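Same chain, two partners: subunit A is paired with subunit B first, then with subunit C.
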Partner chain A sequence: MGNSRLRNICLVIIFVLLACAEPLITSRFYKFVLALAVINVIMVTGLHVIFGLTGQIFMGMAGFWGIGSYILALATTKMGLGFWPALILSSVGVGFMGVVLGIPTLRLKGYYLSITTIGFGEITRFILMNWSAVTGGVFGVFNIPRPHFGGFVLTNDAHFYYFSLALAAILAVVAAILEDSKYGTAFKGVRDDELAADAIGIDSTGIKVMAFVTCGLFVGIGAGLYSSLLTYISPEVFTLEESFRFVTMVLVGGIGFLPGAIVGAVVLTFLPEMLRFLQAWYLAIYGLIVLGIVIYQPGGIAGALQGFLERRRLARGEGKQYGTA
Partner chain B sequence: MLRLENVNAFYGHIQALHEVSLEVSAGEIVCLIGANGAGKTTTLMSIMGVVSTPQGKILFEDEDITGRPTPSIVHKGISCVPEGRRIFPQLTVMENLDMGFYPRRDRPAEFEEDLERVFQLFPVLKERKDQLGGTLSGGQQQMLALARGLMARPKLLLLDEPSLGLAPLLVEQVMESIVEINKQGTTVLLVEQNALMALEISHRGYVLETGAITISGDSQELMANAQVRSSYLGA
Partner chain C sequence: MALLSARQVTKYFGGLCAVDNLDLTVNEGEIFALIGPNGSGKTTFTNLATGMMAPTSGHIEFQGTFVSGQRPHIITQMGLVRTFQNLRIFSSLTVLEHVTLGHFCRTTTRVWSNVLRTRQVKEEEEKVRARAEEILAFVGLLDRKDWPARSLPYGQQRLLEIARALATDPRMIMLDEPAAGMTMQESSDLIHLIRSIRDRGITVFLIDHKMRLVMNVSERIAVLNFGRKIAEGTPKEIQENPDVIEAYLGKGRRTA
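Moving on, here comes the complex of A and B:
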């Protein structure tokens, strides 16, 4: 999947489509879901760095998301910080959580790391729920402000949407640049073969901490926007189920392919809402769809796309990409 | 250049190396031969600081490097081509070489020079530089692994079973390139199960049995040694 041109083309197409989508959606509810989708895009970009590029199955996204949401919420409502410093604080705060979580756990590999990160997510939720003096407990935090530019406050959902979309695009570019850098290659090296990376002198623990921190910085921004979009947050949202949903977004998109993860985020934000009319059945149908993708298209959206391009190239008689056998 | 003094290594409670002492001088090819599970890989991994902190002393250019973190050891001038090649399959040949250069990324100016050198040694890698590592044949992957190790510009190169799983003709080709690498000034510590090949290209050798050095000497002598012949050369 090391095709950065394909990636860049796909990213441009996706963001143009997302920009065009807003006026086409008439329902207020789906406009709101679209905004949520873009926020998930930002957070999944963070997960792409740690899971897609570095290969660490991070099951604690809800923890990062919850911490970021609460930092922005509390900083604006209780500490009296403005929106912008609070957003930076939530980004840096979650990035710092990346170090806190990273250093003790990164000696763990594979499943052990996953299980530990599940624990991290759950502990975070319980702290948010029970540390009432600071977090407001199960009642959550109210009156979280919307972003503003000078005196202009983004109370209009469409304005908020385009603002989030712009941030998402910027962060996608940052992630793409990171991916093409020496560090991006080192991330992928650790993913491909950690022991080999160690043996040739790449500090794989340091690389993983770096990936966790990058993930945290991204998720903190998405989480801050989430608080601000809803203007009200409470701890019961940040469940293990949500952590799984983020991992599924990457899987559906195709591991290691950023545009895939982004499409996965949009699809998996809309799918549950669109299936809601099925009521009790919706989880079963949702599960079946995800299962179907994993069984019949294990490479996800990225795999399907690459298969399509390859078949077209063969059909045009250009043969294999690499000449001499 | 490299000296191991009474090195012991453990996996949990199991002792894998018993008082291993060996020496590699600058310019040499030294081979370490022995059966499966004798501790050959453990010896290399102890030098590289990859597995469990070994006891005893590992000196490189008279400096104690025992238990140092791997990146700092690579920085000092030892690099390792691990057993089973372990190239990065999802990275291109070029990116694999980039990774070999990673410990020296503070000196980007030298990259082209080193790249030229490994492409001269292994022209096939230049042809396939944009291909994914995992799509190379076994022999090409071994060359890539060697090239990746050389990109760290090591003074001492540790090779773990470079002949593993290769057809006889390719084994010969890989061995020739090891001799060439050595002629260009890199000292080599070679771990091999293919004892005959290893002794043919090396200056000196050590025999490792169940975690301890039992025989050592000039490769020519070892090839004549009755015990080595019956146990490892099938003669």
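Moving on, here comes the complex of A and C:
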């Protein structure tokens, strides 16, 4: 399929650019933002599976992110687990949340699901904030360790960055393989027409739960890395606003196109930081930019790219491939 | 042998009785047609049989197992598949992908082996693709296999729905107004297609009100009017039945 080739080419270009970007950025702060961006890339890859491919508007990303971050933080600092087992635990833990949240809610359709998942995100935040005995309450969790390879600990931010980027690339490949497999076709089938999918023997609720779990597994890894990058986490980060930001990343990228979502994640991680000099105005400007994209380029980055390729092909006189013959 | 049987099936929508105490038996290997004027409960019966709705009372058996109230994908896996009167095409999938997805419920590889792309997965994909192409050739859409399904003309989208349903390896296929929106040529091709579906060993349950199609192709016909079965028999018997004529054409002065 032409579409998956375009996707693969774009993925390679994006990851090469991201690998080259680190030395080019001189400011310590922006190096840190870049690392955050790559962590968001991992998490948005998860959201791509449930929202982009399967079409479920999941507004509880902050909940998944918060749970994953706390699992790694608590497992390493309180349970004395090493970084690696803790990272696996946070991935599996959030994946399991996918089942717990998915089975009761995924019979809901469209906006009902969105509202329910908003509730899930908010409840998660309140639990993290108020269950002080376990989570440390508003004070958060300190001294979260960095990843290590044998005795070599990734305290250096650049090392940490390349490690995260490698994980992001592996997960993008996994997502791409999944998308091209029979399960990817089933995800898209459920997104396009759930009833028709049921009618041809596909358990669409099961498929949605599977997409939700995949999303959780991915987000858990990104969330674990987030804890480890910051070495300190507190509950006030995991807000509804962040859940919206993840959904916006997919929208800006173009629903269903993984490279688009990834670019969306990078752009929407940098944009608020770069607009910060505007102080009180920055949210308004940020909002206007996002609104502009949704109104004038509803297909997002993917739509713009496909439109460009189509125009170029027409200009070369190749014509439309699929006329009504 | 009875493949599908409905016993005293009733479906109310609020105060409206859409299907009224319906008894129906479809035998294995036949082409059976359910006809009736608009709003007579044909599509409702299809919805009941395929699990899209649960009957208010009564039950439906398929191969001796209760299917009424069962979930739709389970019924399809049991071998009873349907197509839709208003097309339900997956707008982002190609023609070939529609048919391979139709076979999804019969495939066995798990998600992990699909991510790891094991040898079994590659073999399965190859098998599914070959089978999908065979089915596309059967309905006459093979040369369009890489088209986005939404850009097919209407009549061919109907054929694609049939192909997608056949890919689930059904024992019985329910075709809900397959000729709607088809040209004359297309609907006479459809007659041949329906016969050759039966020749593949699949029982055909046809719902339509195009008389030319129904009378040509079906071996047994049941007629619904206001949710009630008013007649059942061979095409010839149905054509001569005064109740049927009345339901379709209204009461004449002579019989009043």
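Simple rule for what comes next: the second predicted complex is superposed on the first by the 321 of 325 C-alpha atoms of A that agree within 3 Å, B and C clash if a C-alpha of one lies under 4 Å from a C-alpha of the other, contacts with A are read in each partner's own complex, and residues count from 1 in each chain.
The rule is short, and it goes like this: contacts are C-beta pairs under 8 Å (C-beta built on N, C-alpha and C of every residue); 3 or more make two chains touch, one makes a residue touch a chain.
Because the structure is predicted, anything quoted here is derived from the model rather than measured.
Superposition of the two structures on subunit A shows subunit C clashing with subunit B.
In the overlay built on the shared chain, the residue A:Ser164 is in contact with neither subunit B nor subunit C.
In the superposed pair of complexes, A:Gly256 makes contact with subunit B and with subunit C alike.
Contact with neither subunit B nor subunit C is seen for A:Thr76 once the two complexes are overlaid on the shared chain.
In the superposed model, A:Ser91 makes contact with neither subunit B nor subunit C. Applying the stated contact rule after C-alpha superposition, one finds that A:Asp192 touches each of subunit B and subunit C. Applying the stated contact rule after C-alpha superposition, one finds that A:Met210 touches subunit C and leaves subunit B untouched. By the touch criterion defined above, A:Ser181 reaches subunit C but does not reach subunit B.
Measured by the number of subunit A residues touched, the leading partner among subunit B and subunit C is C. Look at A:Asn40: by the touch rule set out above, it reaches neither subunit B nor subunit C. Legend: residue contacts after superposition of the two complexes on their common chain; A:Ile202 is shown touching both subunit B and subunit C. In the superposition on chain A, the residues of subunit A contacting both subunit B and subunit C are 1, 182, 185-186, 188-189, 191-193, 195-203, 256, 322, 324. Taken in their complex, subunit A has these residues touching subunit C: 1, 174, 177-178, 181-183, 185-186, 188-189, 191-193, 195-204, 210, 256, 322, 324.
Listing the residues of subunit B that touch subunit A in their complex gives 45, 48, 50, 69-71, 73-75, 79-80, 82, 86-92, 95, 98-100, 102-103, 105, 127-128, 130-132, 135, 148-149, 152. By the touch criterion stated above, subunit C contacts subunit A in their complex at residues 50, 52, 71-73, 76-77, 81-82, 84, 88-94, 97, 100-102, 104-107, 109, 111, 114-115, 117, 121, 124-125, 128, 147-148, 151, 153, 164-165, 167-168. Within the complex formed with subunit B, the subunit A residues making contact are 1-2, 182, 185-186, 188-189, 191-193, 195-203, 256, 322, 324.
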